[in-house]
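Going in written order, the chains are labelled A, B, C, D, E and F, and every chain counts its residues from 1.
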């Protein structure tokens, strides 16, 4: 019955990669805690790089500098 | 003062349906717990079917199979 | 498949009231959007009144004033 | 190591304003709790005014009335 | 830079199991999306079984029936 | 109308510090975006150091090493 929310910056994750995140996160809960996969929910949220900050800086700006 | 977050897959909920969710969720908190509706906040988030998984599978794929 | 998160201040909601919130929120999604109740998840989070603020003030302080 | 999530209605916040939110929230955690800014994460989510409700009403409708 | 939030019912997950969830979720984001583990944050939230519902029923009640 | 959620590790934040976080976060939204403080909600969540991970490690373990 777990609920897993994965927030990432919106930088081109493919449908296939999202499927891998969903499958992998579900398997993790099954393997570590014996949870039922049928009722395990995974929600991926993609956030604009202008809207994500770390170290007080926007990721969109950090990407330019690197 | 409650805060209610409703996450659904993005599959065409109308403005009217969203209003019904907001009204219904607010009423629920008023009726069950006597909360003040004026400061009850409801936020609906619509998630792409590629980004939602259940049972380890993407909803976009589950929809094709059904 | 919806996921509903209800955050309230921790002020003595009973087990029965929580059941009413779970049932009511699930029904709301079934009635408004035709969602499947079997995979509708409701999570209630109770937050200490010191940890909840509105209008820039702690609820624990607001309760004293009212 | 704090994580700060700011949800606002999607009503034209500029990139510069988002940077101010990220910087300000990070500074707040550093000043009040002495947290390390390098691992402080801020995520801003902008929500359609049809999807945000207060007092049981959609913000998109409240905006029309005011 | 991802942020992963895992919500589970509070039913005795051990410190070691939580470490496995943290390690496993971090590895997943590194392997699937090439994310930097150093800034990947995992937050586990354990929710009372009275506060979690599925299919309109409290988990605390569902556990009694099974 | 903004909603701000601040997650921190549970390591002894005082009631006074929480008030400063609530006041500071509310002011930030007022100053940067001109939001109405009366309907600005701040929720602080304190997470056990066993339940928070960064870099694939539990904070409770990282604290021992430092």
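Miscellaneous remarks
Everything that follows uses one rule, which is that a residue touches a chain if its C-beta (ideal position, glycine included) is under 8 Å from a C-beta of that chain, and two chains touch if they have at least 3 such contacts.
As the structure is a prediction and not an experimental result, all values here were calculated from the model.
Counted as hops between touching chains, the shortest connection from subunit A to subunit F is 2. For the pair subunit B and subunit F, chains touching both partners: C, D.
Chain pair B-C has a twin interface among B-F, D-E or D-F; that twin, with over half of the contact pairs alike by residue number, is D-F. When every chain is reduced to the mean of its CA atoms, the largest separation from subunit B belongs to F. Summary of the copy comparison: rotating subunit D onto subunit F for the best CA superposition needs 180 degrees, to the nearest 5.
Counting C-beta pairs in contact across A-E and across A-C gives the higher total for A-E.
Between the CA-based centres of subunit E and subunit F the separation comes to 20 Å, rounded to the whole angstrom. In subunit D, 1, 3, 7, 21, 25, 39, 41, 43, 45, 52, 54 are the positions where the chain touches two or more neighbouring chains simultaneously. Under the contact rule stated at the top, the pairs of chains that touch are A-B, A-C, A-D, A-E, B-C, B-D, B-F, C-E, C-F, D-E, D-F, E-F.
Residues 7, 45, 47, 50-58, 60-61 of subunit B touch subunit A in their complex.
For subunit B in complex with subunit C, the residues that touch the partner chain are 1-9, 13, 17, 20-21, 24-25, 28-29, 31-33, 35, 39, 52, 54, 59. For subunit A in complex with subunit C, the residues that touch the partner chain are 1, 3, 39, 41, 43.
Per the touch definition, subunit E reaches subunit F in the complex via residues 15, 18-19, 21-23, 25-27, 37-46.
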